[in-house]
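First chain written, first letter: the chains are A, B, C and D, and each begins at residue 1.
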Amino acid sequence: MQAKTIAIGGVDLEVFEGGTGRPLLFLHSGQGFDPAHPFVAGLTAGYRVVAPSHPGFGKSSLPDWIDNVDDIAYLYLDLIDQLGLDTVDVIGCSIGGWIAAEIATKSPERIARLTLVGPVGVKTGPANKLDVPDIFAKPLEEVNALLFHDPDKFRMDPSALTDEQLSIAVRNRESLALLSWEPYMHNPKLKHRLHRATMPSQLIRGESDGVVSQAYLERYAALLPDARIVTIPEAGHAPQVEQPDRFNDAIRSFHTV
Amino acid sequence: MQAKTIAIGGVDLEVFEGGTGRPLLFLHSGQGFDPAHPFVAGLTAGYRVVAPSHPGFGKSSLPDWIDNVDDIAYLYLDLIDQLGLDTVDVIGCSIGGWIAAEIATKSPERIARLTLVGPVGVKTGPANKLDVPDIFAKPLEEVNALLFHDPDKFRMDPSALTDEQLSIAVRNRESLALLSWEPYMHNPKLKHRLHRATMPSQLIRGESDGVVSQAYLERYAALLPDARIVTIPEAGHAPQVEQPDRFNDAIRSFHTV
Amino acid sequence: MRAWHFTETAYPYLPPEDEYPSIRVTLPNKHYDPVKGAALYDRYIDEWLIAEDEGLEIMLNEHHQTATCVDPAGPLMLAAMARQSTKARLLILGNPLANRRQPVRVAEEMAMIDVLSKGRLEAGMVRGVPYELSPANSNPVRMNERFWEAMDMIVTAWTSHDGPVSHEGRFFHHRNINIWPRCYQDPHPPIWVSTTSTGGAKQVGGRGYTQATFLTGFKETRRIYESYRQGWREAGLGNDVPIDRLAYAAIVYVGDTEAEAYAGAEKLLWYVTANKVAPQFVNPPGYVPVPANVQILRGAEHPLSQFARGASVEAAIEAGFMMAGTPDQVYEQFKRHYDYVGGYGHLLIMGQAGFLEHDETVRGIRNFAREVYPRLQEEFPDTTVSGNFGDVPPEPPRDFIPAPGEDHVAQEAGDAANMTPLGAARGA
Amino acid sequence: MRAWHFTETAYPYLPPEDEYPSIRVTLPNKHYDPVKGAALYDRYIDEWLIAEDEGLEIMLNEHHQTATCVDPAGPLMLAAMARQSTKARLLILGNPLANRRQPVRVAEEMAMIDVLSKGRLEAGMVRGVPYELSPANSNPVRMNERFWEAMDMIVTAWTSHDGPVSHEGRFFHHRNINIWPRCYQDPHPPIWVSTTSTGGAKQVGGRGYTQATFLTGFKETRRIYESYRQGWREAGLGNDVPIDRLAYAAIVYVGDTEAEAYAGAEKLLWYVTANKVAPQFVNPPGYVPVPANVQILRGAEHPLSQFARGASVEAAIEAGFMMAGTPDQVYEQFKRHYDYVGGYGHLLIMGQAGFLEHDETVRGIRNFAREVYPRLQEEFPDTTVSGNFGDVPPEPPRDFIPAPGEDHVAQEAGDAANMTPLGAARGA
């Protein structure tokens, strides 16, 4: 994929683009976008993939005034305009799913089909119990066990990374905290707006996901007018990373003309 | 005009409809919508006017979860859908202008032409000075002097009103406080989003408006890509009420096919 | 029967009332001389300690941007009193929960005071009076909902001991609540709520908290207490409502002679009369419900405002919100009120206000404590059950506070405007 | 030279350290026995008052959900001390501004204490240590920005006397600010800020506030002070920086003999060693800047953490964050540090910690106050100008705190992580 920087909505936005076909906006999780992940090649083989790094992630700038997910949703509506697209398909992972859901409530007519992968963004349970475990209050090892079906495979090894890569990883985490700290991992209003997202939607969950539970995903799906649930085995919170083939199958079978 | 109640987005929404022609969504100020105001007949003579009472105003319900202007903007996007309209013209007065501006940043493609009348909603000045005078911290007489060119004409006379009319007036004021108390009369994010409102726009101000200053209006207009300013003499914050003919002239000359 | 000495720690040295539009919110603080203010603090604290010496308990409160109560952080004064006093119970009435944005901090503050005082805290919680909305920049709409959510968070914070708990609510979010220190009293200090409405009182009764009302006279007090008792019973807390769950705040001054008492009581009327507040702060939008506002627009006036214009000691006694006179007279006034409303376990004594000087204040405290209090303690024991109306006076006494139950609209109004402490009664 | 007695009012009676993952945030409060806690409060307050009797000033702070400092509302303890003490200056260092959501309330609290103490308040403001983010539910990102906006609001609230003013900022909104009471001191109490970074110190210097650093040893302290002085001069406050604008916090214990002193000092090392904190609370995302986090991922460790593992009194003295020994020895240790960093007007004495018992604490206080303090007051007068390096020791002393200026990345890190009080130094 090609990376470029687009000045848009006050942000210097890093955007990866590649592939041809039906336009597909890919919105990454809190871990950021890595074009080297195997699932990406699978996507660009069938779609024109546009994958921005959210403000504060990757090499995208973070203006002072941006501090929530909604800000980013507006930005990506600008991006769709700038790309000259009437409608796009959207895939959003985790917090990227939350961003996608916000976009879908603002201009549902701009999204043809929507995939949310282990999405956060709504609060569906009781006040005295978190819907999403507090990843900022747990040791890294425990968080990894929630994130991955096979955490041993995905443990970060700083010695294998450049300073730049490490800096990006650290900054991604900081930006994730900025956006999701309070209310934690959700916008209290979103559940009252999801009825507007009338496009066909699928919610994908890795079967071992410790962050987004099956019950949470079902309640999320029930808020959407036209949503189905797809479960990917042997995967955690990032099925696109742990099971790229199964993930891409799910995408290809849903994001069709 | 005909009043009806539409169940939409979780709200039992009072909607006034009347006239034929180009569809025009009229969003009232904090004082609520009164179809008996003379400017209304002028509008319905040339347009299909749709005038909802905002949640908590008039006879519209106010769900627990609604507490800001943005919530209402989403609701009116639902309303435009429900009316089966692709695009509408929008007129928003004062806080109604703020709602209109929020709509215009979400789905600019749904608004053909936009008129903001003495709009609030953005913060443009320094931190230590309010952009909009604190109407909740001033005696009623003083507020009236800010609102009207000729306040003597518009002093409320409770003895001339029914209990129902008084109840609505009281409830309107309560709902206005709910929506505008903090941040006061603005959404700090809106100014970063107004570049999205690319439709032709006009900002109307009564020359004696003590709530929205000329300088504020000019800074507001500068945030919009395509906005002109119209000043109506011998009118305050509600030129549609104080100068209905001049107001309707401004509308007719701008909201054309 | 427990009696509490209460002062609002007012700063009375103000310009003439016609030179300012409002004693609250906007009165510039250039009118506050901190040297005089510090001397007043010294004096008011001394008076609390004298009251403690005389066997009374200590009560204080919190208000903002006002000369009528220069205590914008009640927990601070409480902390000072926790160390300066040694035996009195310490009541704050109260923490304005709907105006504080960190309920967990309130829980921390109260727990800390409970430990500092070795378990002498009585933790009062109030919604907050209307004039406090602007000083706190708090939205006046949905205050009750904020109040109860904050209350629940505080109780949760007080009663969770096994590690962090979380709250994701409508108004407040807080993960990892695990306060240090925990409370001294187990499970937590007694909770008080002040209410002027039946709806509020019923809710308070259903939770078994202590219910206080301020200057509500005869009929209104009885009506509120009845609602409390109804709430208590309906919540399954039992048939007998302990008397110590109900409290009444009155202006009290006891003298050796009626003339001396009336002279002191006259000065204490400052509580009611020195409360010039601009209307936009008395009644911010949303503070009272729509029907009550319609009545106000139609010219209705709060009875206390009416009263304030022609205030007199005699009228205040007759209306049941003042007890003043010789010990015998005050005893009779108390008993008449107590019997009519069904009894209460706490008399909150507004015993200092405005220009009532130190020696006068102390004389009033001592006269009450020595000549009246022992009789009350003996004749109105804490073991009484509340609401036994064996001997209700046959003729309802004159009352400046109308019973809203007689009027449907007023009832609704009163119900929703609940948990309003002194301020509302004084100014609304 | 002014010396301050400081205790964190810790609760040391904990289970063995290997039985809990974190002494902060998550340690269940069931481990806190309020009866023991109350006795500790009594004792710590007594020690402050003894320090006052001995001529020292009083310093306290605020932390949340931790056994290391059971004072989750510093202003409450300050209010208690305002009444129990009579002459000492009262320093809170500090109010964690980035974690308090109502800056105007902080302004009110501080003004009230200033009046309660008749102008003895020194108002310290801190950003808040990393472990406080979860207890306050505060976003760890952009804390500095929140801190400074809150600071400006507080100063505005303190210095506005002609009626309500408004603030519509990035993080805070507040119309109609008009606090009652106003401060006792004019224009307001001295403001202190604690900083561990040069960027922060420069900003503090530019405003002329008092700058404190905690356990920063030799080189780092000197570097911070230099930045302060630079900021002061660049802001046009003059060429001479008054010595009383700089403060240094060290662990201090003075004994009759070296052995006695070392025994006390050994117990005081609890400050540094009893701080087992789970890593996710030590370093929440956004608290320190990206380059510093990269270093941490590469295995960098805070020097104090390194130190804590093999802590010894000798090493702590050598590193410059402890002064312990006979009066002569402590005097020499102080002078060496003072001279090297360019001088300071306040010595903040961490004089009680963990299991240092009451009599030991009092002995340390008295020995310092009687045998060392008079010499310091005489030989290091308050009229001194800071930063005159006529007699810098030729060889820089050994220092556990690296001077970040030697490394660009570290410098950036230190700069952005400013205003970190004791906690960060102890745990980061």
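Assume contacts are C-beta pairs under 8 Å (C-beta built on N, C-alpha and C of every residue); 3 or more make two chains touch, one makes a residue touch a chain.
Just so we're clear, the structure is a prediction, and the values are computed from it rather than from any experiment.
Trainee: Averaging each chain's C-alpha atoms to get its centre, pick out the one most distant from chain A.
Mentor: With centres defined by C-alpha atoms, farthest from chain A sits C.
Trainee: CA centre of chain B versus CA centre of chain C: separation in Å?
Mentor: Result: the chain centres lie 42 Å from each other.
Trainee: Roughly how far is chain B from chain D, going centre to centre by Cα mean, in whole Å?
Mentor: Roughly 52 Å, centre to centre.
Trainee: Taking each chain's centre as its mean C-alpha position, how far apart are chain C and chain D in Å?
Mentor: For chain C versus chain D, the centre distance works out to 39 Å.
Trainee: Multi-chain contacts only, two chains or more: what residues does chain D have there?
Mentor: Those would be 25-26, 134, 137, 164, 170, 173, 175-176.
Trainee: So which bits of chain A are touching at least two other chains?
Mentor: Residues 65, 137, 182, 188 of chain A each touch two or more of the other chains.
Trainee: Quick one: label the inter-chain contact graph as line, ring, star, complete or other.
Mentor: Topology of touching chains reads as complete, every chain touching all others.
Trainee: Could you pull out which chain B residues touch chain D in their complex?
Mentor: Listed in rising order, the residues of chain B that touch chain D are 123, 127-131, 134, 137, 182-184, 186, 188.
Trainee: Provide the residue numbers of chain B that touch chain A in the complex, in ascending order.
Mentor: Interface residues on chain B, with respect to chain A: 9-10, 63, 65, 70-71, 74, 77-78, 105-107, 109, 188-189, 192-193, 195-196.
Trainee: Within their complex, state which residues of chain D touch chain B.
Mentor: Its residues touching chain B are 156, 164-170, 173, 175-176.
Trainee: Which residues of chain A touch chain D in the complex?
Mentor: My answer: residues 64-65, 67, 136-140, 158-159, 163, 166-167, 169-171, 173-178, 181-182.
Trainee: Under the touch definition given earlier, write down the residues of chain C that touch chain D in their complex.
Mentor: 11, 25-30, 32, 34-35, 37-38, 41, 45, 64-67, 70-73, 75-80, 82-84, 100-102, 104-105, 108-109, 111-116, 118-119, 134-137, 160-164, 173-176, 178-184
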